[in-house]
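Before anything else, here's the structure in question.
Naming follows writing order (A, B and C), and every chain is counted from residue 1.
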């Protein structure tokens, strides 16, 4: 059974069809890249999955439950985590507290005490290499550290699926490699599905994603394994001027 | 034990300050009324901080909760005295009403206003105190604009001696207890998921939602809790201490202003901030009223503006940052 | 008899409503452009009223001349507060700007109290009354109404026909887009705040014509509340929405007063003020983006 299932989902803003009749399935532990240029509808698609927008048509099921009309705060405890393109830590709280918030309101939220959440936070801070910063205010971190913090916070939710919004944009290639490794490792170990949204098919996606979905003008253009997608002439056409090796 | 100390350790210095205020008032000749005023400000700040400080939302109509709390106490004393009831039970029922009235009002206002974000929320609250005042005056509820005077009812319920002891001493002691309780509840929130949720939504409401936080629920928890403490403060300080209530006085926006100054001065969202803010504000107001009577607000208004621009974290915000990582840190919130 | 009275009161409401509307345009302009709620709005109206009072009683200058004077004073105050406080708070959390404008309001009240004292004052602009059929109206109120309409029209033309006005509109629509198109957003902010405050002071002049002896440092509070109801009626970001919101509000206020007066045993004046608060909550509940705004 698939973990997340979108059936003929459509979202319009005024006259503009931002997401057009998109169907999509993601299985447990799978790593998927959603690729599309600016305006292709991928941000809207993300917002539909995380509950920021409600679709006009279609159905979204997650772990067998219909979540089409769920507000975001009801989706997260089911195991749906998310990171933002520009990290949004809770600036005045400490790094540890930020990650603990993830644990507190995630899938285990009801079972863990506050102290257990703080311990779990330390565990993921270790994993992301942020332990030394645990007592700093999150607002004082560097941009790369903030990205790592966001991922730690999402992992502390013990999610079944993490939506990553341009997680690696603007990072140094070295940092990207490290991050890809970390995400792969935790995804395999904890059987977490990852949906990474990126503007371009970059090395990072190739390394991370097993499957690629290409969006074009709100509709699904390609849905295939990463290797096939790379050789698909339609993809090349969408990315004319943006060779895959970028 | 160590764990409990780190959980409730920060309550120790706050409680110590309350005890010091109490002892100075009791021990130093002529200081009781000054200390009682400080306690009122501590309790007001401590109560308001639970909402303004922890959520970052401004309620310009906050004084309405003190007002309806005052009415709760006033009504119970007046009505029950007329029924022939006497004894402390009347006061206890009064406290209950001083909790229930603000709780109901905060639920009604919160149900509308807390769906709204930031600026819209503030706009929605700006008329709550005036609106309620004019409802009471306009529809002549609870004696309308004539207000209620219940000195004789209070005497009848408790006896003359107890009643006068209440207004000169015990009401202020109750205020100490209310202030300390509000501080304890604040700390309890800070140490539980409520506090984490409130911090998250104060910093970034959308991100908080996506993290699984039902922001409306936590805002309402903070709002109702804060309102209930306000009601107790009103019922104690404005009904038991001075057994009369007039709508223009108990819905006077001036008290909202004072609450804002206290919370900001001390450091919004910190545990000790309201106490520090109340001490600074109360003492300077008291001495200014001797040196420069009538000029307090003229002096405080630019001070708030400077704090907002230059020191948005207030006194305790700065202290907390300084102490971060030191062994004192676990005693300060 | 009742209908006649109601018609008369509604007409008076319309006249007052035009002034209310104009008195809210500054609030909406500032919120539309800077996304800052001027909680001290009423205090600026109060300052405008005192400018009128002082010009009239000390120098014998007509309230009509006081309108442009108050506008210029408002521009000055607007620039001063913008560059000393508001500018630093545009990017800060909303809490900061709400509390700052609130404090600015208190500061103005206390300064005016220091200069003029806190008793209620008025001035006597002896103009005749005219009979308009439905009601008898003092000429001064008619001037205030016409003045409001003229100011609203000037603002409309200025917004739509000048470069500076167009720049402001573009910032209201889309701040980032305006930046990309080369609009100096910082200057637009400063100008809008100053003009908003200028308009508000000017409206204070016109409002004095409805309150013969109601000029007082703390008179602004009730106007702040009314202005919020009106602004919310008009969609909060649109000065014209605010103007029409004012007309509607004037009608409701005067109409409801007439009706409340029919209920025995209540104080109709207090109830109309309760009603304006209730309206605010209800509008925010059903349509926070405004009732009168299209789309």
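Heads up, the rule we're going with is that a contact is a pair of C-beta atoms (placed from the backbone, for glycine too) under 8 Å apart; a residue touches a chain by one contact, two chains touch by 3 or more.
Only a predicted model underlies this, so the values are computations on that prediction, with no experimental measurement involved.
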Partner chains shared by chain A and chain B (touch criterion as defined above): none
Central chain of the complex, centres being mean CA coordinates: B
Longest centre-to-centre distance from chain C, chain (CA-based): A
Mean-CA-position distance for chain B and chain A (Å): 43
Separation of chain A from chain C, taking each centre as the mean of its C-alpha atoms, in whole Å: 48
Distance between chain centroids, defined by C-alpha means - chain B, chain C (Å): 32
Touching residues on chain A, where the partner in the complex is chain B: 50-52, 71-77, 82, 84, 88-93, 97, 100-102, 104-106, 109, 114-115, 117, 135, 153, 157
Partner chain B, residues of chain C touching it in the complex: 31, 35, 37, 39, 85, 88-89, 92-96, 98-100, 102-104, 106-107, 109-111, 113-114, 221-222, 224-225, 228-229, 232, 260, 265-274, 276-278, 280-281, 284-285, 288
Footprint of chain C on chain B - complex, ascending: 52, 56-58, 60, 109, 112-113, 115-116, 118-120, 122-124, 126-128, 130-131, 134-135, 137-140, 144-145, 253, 257, 260, 264, 268, 295, 297-298, 300-302, 304-305, 308-309, 312
Parts of chain B lying in touch with chain A, wherever the complex brings them together: 3, 191-193, 196-197, 199-200, 202-204, 206-215, 269, 324-325
